[in-house]
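Handing you a structure now.
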Amino acid sequence: MSQPERNWVEKLSGAKPTTLYMLLIVVSAIFLFIKYQIPVKPDPESVDLYARLATLPKDRPVLVQSDWTNSSRGESAGQFEALMRILMDNEIKFVIYSAADPQAPQVARNVIRFINEERKAEGKAPYKVWENYLDCGYFPNAEGMGQAMKANLRNAFSNKKNRKPDGTDADIWESPVLAGVKSIKDIPLLVNVTASATIDVLIERLGGQVNLGLMCTGVMSPQMVPYYASGQLKGLSGGLKGVYDLEWMMNYGIRGDQVPNDPSLPNRAVCKSNSTIDVKPLQGTTFSRGASYYLSLHAALTLMILAVVAGNLSLISARIKARKG
Amino acid sequence: MQYYDKGWFGVLATVLVVGFILVMIQRAKRHEGNLFIRRIAGLNAIDEAIGRATEMGRPVVMVPGIGGLDAIAVQAINIFAKVCQTAARFATPIKLCCADPAVYAVAQETIRDVYQREGVIERFETDSVQFVSDRQFAFAAGVAGIIQREKVAAAFFLGAFFAESLIFAESANAMGAIQIAGSTQTTQTPFFVAACDYVLIGDEYYAASAYLTREPILIGSLLGQDYSKIFFAALITLGFITVSCERSFTKATGEFKEGKWVALEKERTKGPGDTFMSMWFNPQSIPEAESKVERPQREKNWWEEGGGDAAPAAGGGE
Amino acid sequence: MYEKIKLLIGAVATIGLYSVLYRENKFYRFVEHMFLGLAAGYTLVAVWKETLKVQWWDRMVGTAGDAGSPGTPGFWAFMFLLPIGMMGYMVFNKKHNWMSRIPIGIILGFWSGQQVQIFWSKWGGQLFNSMKPLIPTGGAFVPSTDGLTPEQMAEVGRTVYVSQAVNNIIFTVTILSVLSYFFFSFELKNKFMLGMNKTGRWLLMIGLGAIFGSTVMARFALEIDRMSFIFVELVKALRT
Amino acid sequence: MNLLALQWSFRPEDSTKWTYLIVAAIIGFAFMFALSRVPTRMRRVVVGTFTFLSGLFYVLLYIWPQPIDKKPLDIPQGPVESVGFLLQDMVPVVKDFTSILTAFLLGLGVYSLLRVHIGRVARRQRDWQYSGLLLLCMATMLTIGYWDFFMQSANKAVDYSDRANWTTAQYGFDLLFDGMLQQMDAAMFSIIAFFILSAAYRAFRIRSIEATIMLGTALILMLSLMGIASYFTDWLFVQKLAGGNANAFVGNFTLAEISNWIKNNFQVPSLRAMEFGIGIGALAMGLRIWLSLERGGVSA
């Protein structure tokens, strides 16, 4: 094909896909290294989730069902890290288990180890298994697990051992973490970090029994928002935006809409569901994976929008030409 | 012994829809009633796509989605059988890539059969219908590789597709192939609409076999489906009329609590749960008194002794 | 050290698969075939470990219980599934290939029966949810619920405000016209139905566009994470 | 389950169980052999019967009156309840048949893979080295996977989730599965981002009204995902125009509100209508398959 001379508009609309791909790699990689906090207004569903997490009682453990693996790491890892930081900084005990994938516990353990190292560097006590949290590993049948938890929490988590500080293994029900817990009703919140339909199972089996919080991928969140609206989910963090919302609130805190605006904390998010809540910023790492990815996401989305505009320019200019001639 | 938990209305509606479809199939079998089908652009392009592949001497690739063996996969293979019929006549090479062993078995048998019936069984290569992988992204990588290496001229992506849909569509596009796609996964349809030349949207997918073969049974079934859709539309219309009137002009005087009607102290505005449509669609739970049934007890099996919380793997347990 | 090797291999594999973006090449082909081989091998492990052992073998021969619990019984009738499954392999036999349709027929039969079973539980709720009140019973906009009692809030929830009624009308028009777009066997002649059909297609495009827009975030997030894996984590790991 | 005077179950430690199993297998294969003698014209009937019976189970499960408050040890009263009880008891067994049968058929898929790739290696066809690589990787994964599996099931007492207890088998499996297979999955998953970009650039053009509508909605939704754009509209409409009153009318024009409005009033109903059609289509096709009404194509 002999190409006649092309003007800049035609060149823009005729770029090779490879050029675009290179641009996307360059743009998303460069912004990973830039630290800048983009101002946001957290979505009400993530505000609610954060409000739940920040007001948890310290004497009861939270159940964390971690169902993500490395294939959805881009969104789930940020969510899980934020969840761990919030729980640890608020000194809330938790029990972690997985029901979707045999690989999930290992992935979660890696994150806990990494955050403990971070805490040490910040001069805080690391979170210890047995005393501060329990690790129950993997349960093969998500539906059965939900059913069993509803029927009898003790049986559902029976025969699981964790290592005591003195180096011996003991049944998790002897641990101080589960002190005072008899049934699922004693659990103040169950958070599901997932990239699959495990949350549907939880809503079906445990709805009404325990407060459910959800951290899911961006693809899932449009389908899950109706459950938040109907109250079946007490809070929801969807995709990368959800991660960044959480990190934003960890860094700036939240206040109920009846709480007067504190001028020293101007960026606090406003919570409508709990009008007297007053949460100060967390001490420690707040902005991390979510913040660095979110900037790259902006860059990538901008590139996408520019690409669409560029693609349409030639069409428009051709139409203008046709109208003139 | 009762329909409490399903509701009579649900059973009635299901029976009605099943009835529409079966009656229309019977009528069509006797060649009664109209046999019109509206134009579906994607399907008219099949011959064009194969024609191009034949001209260029390059293969046609077909992917029946990554779901298991169900009607979606069967429908895909039905359409592919039609594609292969034309391909067999013109000796156009084909590649059918499966992600499920059961789908592979069906495809293998059906496509071989097509070549047999066309009388050109020698043109059929067993390996042209192949199993690639049942792992989503391994399958995607494999098929993308095949599309690019074989330089396909036409591509058919019909079936249950998930995230991998764009990998196929863009790989085929890079080869300049004509693409005809359709998915019952509504979340993937926009990606096919953006990237492919022809797309079957929604249940155009299920109409395809009727459109291609003009078999009376299929056309009758399609007519039954249309009546079912009209039934749905009528329900919605009836619903918004009655719901609007009820909530505007009447007040709630009582409500169901645990399956029993309890009168309210004070009348109030009707909410979404107070309309009579709601009672059709949301059957009441069983009243407390009727929900307990005492029956004679059988002896425990040996595996049910002890705590008995662990249900046996087969039978017995709930 | 092990972690470093693992990361490095992962990164090389990622780059190999990404190279297809430029064009199909030997490096991609190498990684692709490794991928397919590993996946096939893993499937063969998982088919026993996660499906056949748990769902079939253990239930056929039973499992001995741990101390205290009685174990589970075995049901020999599960053995009949084996010959049924084996009939599938007749597909390559020229004379008896029809027998492969028996297991296939059973699988399809179960699927078909389930369609009848789930039909209403899947669509009934959605139909009911689509019956929206179109006549407003309250003021123009939903008032702020700050500081209301639960009873007052419930009343606000029951009232239809003008803005909601407008949205409900849009909703109803959308669902009916899109439904009419999918009528196949009627020749649409009257102007109203033709208009409905066309509107239906346009409204459908809004829905499809919305899905496209909202899926983009998740897809880019994964790509950014891969970049982070290669440019941040791997570099950090190799330095230490 | 003791419907007939036959012992359906046995204890796992029973020595007679192998006899039972072998006899069952022999009966099963004899049945299969008998089926292969079925005359040609009866074949459709045989296949149709199997299909019909399997479908009938779920149809009955739906329309048969469900027993109320069924407890594990209850004895059913009357014939209707007996069938109801039986159906309920069969669910946990029958629901796995599909996955068990599909698992048995996996061998067909593997046969196809081996056929293609061994053939390529044997005939030294183009790219035969890659096929060899595929077979090698498959064998390696298979060996190490089962080595790890048998080791883990033999030593139930050892906690293999703790890396301190790992041996070569666990390291090997972790490297192959987590280090390679999962990473490749993630790479392929994330490659979609690139294709979304090029597809949008190439095809999202305002050629027709429909394309323009789709493009416009997608753009609004994409903008609403960018925190900075939402923040700007929130600042503009709520802080500036409404003077900070979150409930003011102009507050409805923030990007977040608009995108939610589009989702609730256009996306939900249009997709729902589309899903209605698909659901009815699936039911119709299910019926045709169940009753063996389909002809041609798959059901030829």
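Letters A, B, C and D mark the chains as written, and numbering starts fresh at 1 in each.
We take it that contacts are C-beta pairs under 8 Å (C-beta built on N, C-alpha and C of every residue); 3 or more make two chains touch, one makes a residue touch a chain.
Everything numeric here is computed off the predicted structure, so don't read it as measured data.
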Top chain pair, ranked by how many C-beta pairs fall in contact: C-D
Farthest chain (mean CA position) relative to chain B: A
Central chain of the complex, centres being mean CA coordinates: C
Separation of mean Cα positions, chain D and chain B [Å, integer]: 14
Gap in Å, rounded to a whole number, between the CA centres of chain D and chain A: 25
Whole-Å separation of chain centres (CA-atom averages), chain A against chain C: 20
For chain B, residues contacting two or more additional chains: 6, 11, 14, 17-18, 68-69, 71, 74, 102, 105-106, 108, 126, 132, 134-135, 137-138, 141, 149, 163, 170, 174, 186-187, 189-191, 193-194, 201-203, 207, 222, 225, 229, 232, 301-302, 304, 307, 313-315
Shared interface positions of chain D, touching two or more other chains: 1, 9, 11, 62, 98, 101-102, 105-108, 110, 113, 127, 177-178, 181, 183-186, 188-194, 196, 198, 200, 202, 204, 214-215, 218-219, 222, 225, 263, 267, 271, 274-277, 282-283, 285-287, 289
Chain A residues counted as touching two or more neighbouring chains: 17, 21, 24, 73-74, 219, 222, 241, 297, 300-301, 304
Chain C-facing residues of chain B, complex: 6, 9-11, 13-14, 17-18, 34-38, 68-71, 74, 102, 105-106, 108-109, 126, 132-135, 137-138, 141-142, 144-145, 148-149, 163, 171, 174, 186-187, 189-191, 193-194, 201-204, 207, 210, 219, 222-223, 225-226, 229-230, 232-233, 235-237, 239-240, 242-245, 247-248, 268-272, 277-278, 281-282, 301-307, 310, 312-315
Interfacial residue positions of chain D with respect to chain B in the complex: 1, 9, 11, 62-63, 65-77, 80-81, 84, 88-90, 92-93, 98, 101-102, 105-110, 112-113, 115-116, 119, 127, 181, 184-185, 188-189, 191-192, 195-196, 198-200, 202-204, 214, 218, 271, 274-278, 280-289, 291, 293-298, 300
For the chain C and chain D complex, residues of the former touching the latter: 2, 5-7, 9-11, 13-14, 17-18, 20-21, 29-45, 47-49, 51-52, 55-56, 60-64, 71-77, 79-91, 96, 98-99, 101-103, 105-117, 119, 122-123, 126, 130, 141, 143-144, 167, 170-172, 174-176, 178-179, 181-182, 200-217, 219-220, 222-223, 225-226, 229
Chain C contact footprint on chain A (complex, rising order): 17-18, 21, 24-25, 28-29, 32-33, 72-75, 77, 140, 159, 217-219, 221-222, 239-241, 257-258, 272, 275, 289, 292-293, 296-297, 300-301, 304
Of chain D, residues touching chain A in the complex: 159, 161, 177-178, 182-183, 185-186, 189-190, 193-194, 196-198, 200-202, 204-207, 215, 219, 222-223, 225-228, 230-231, 234, 256, 263, 267
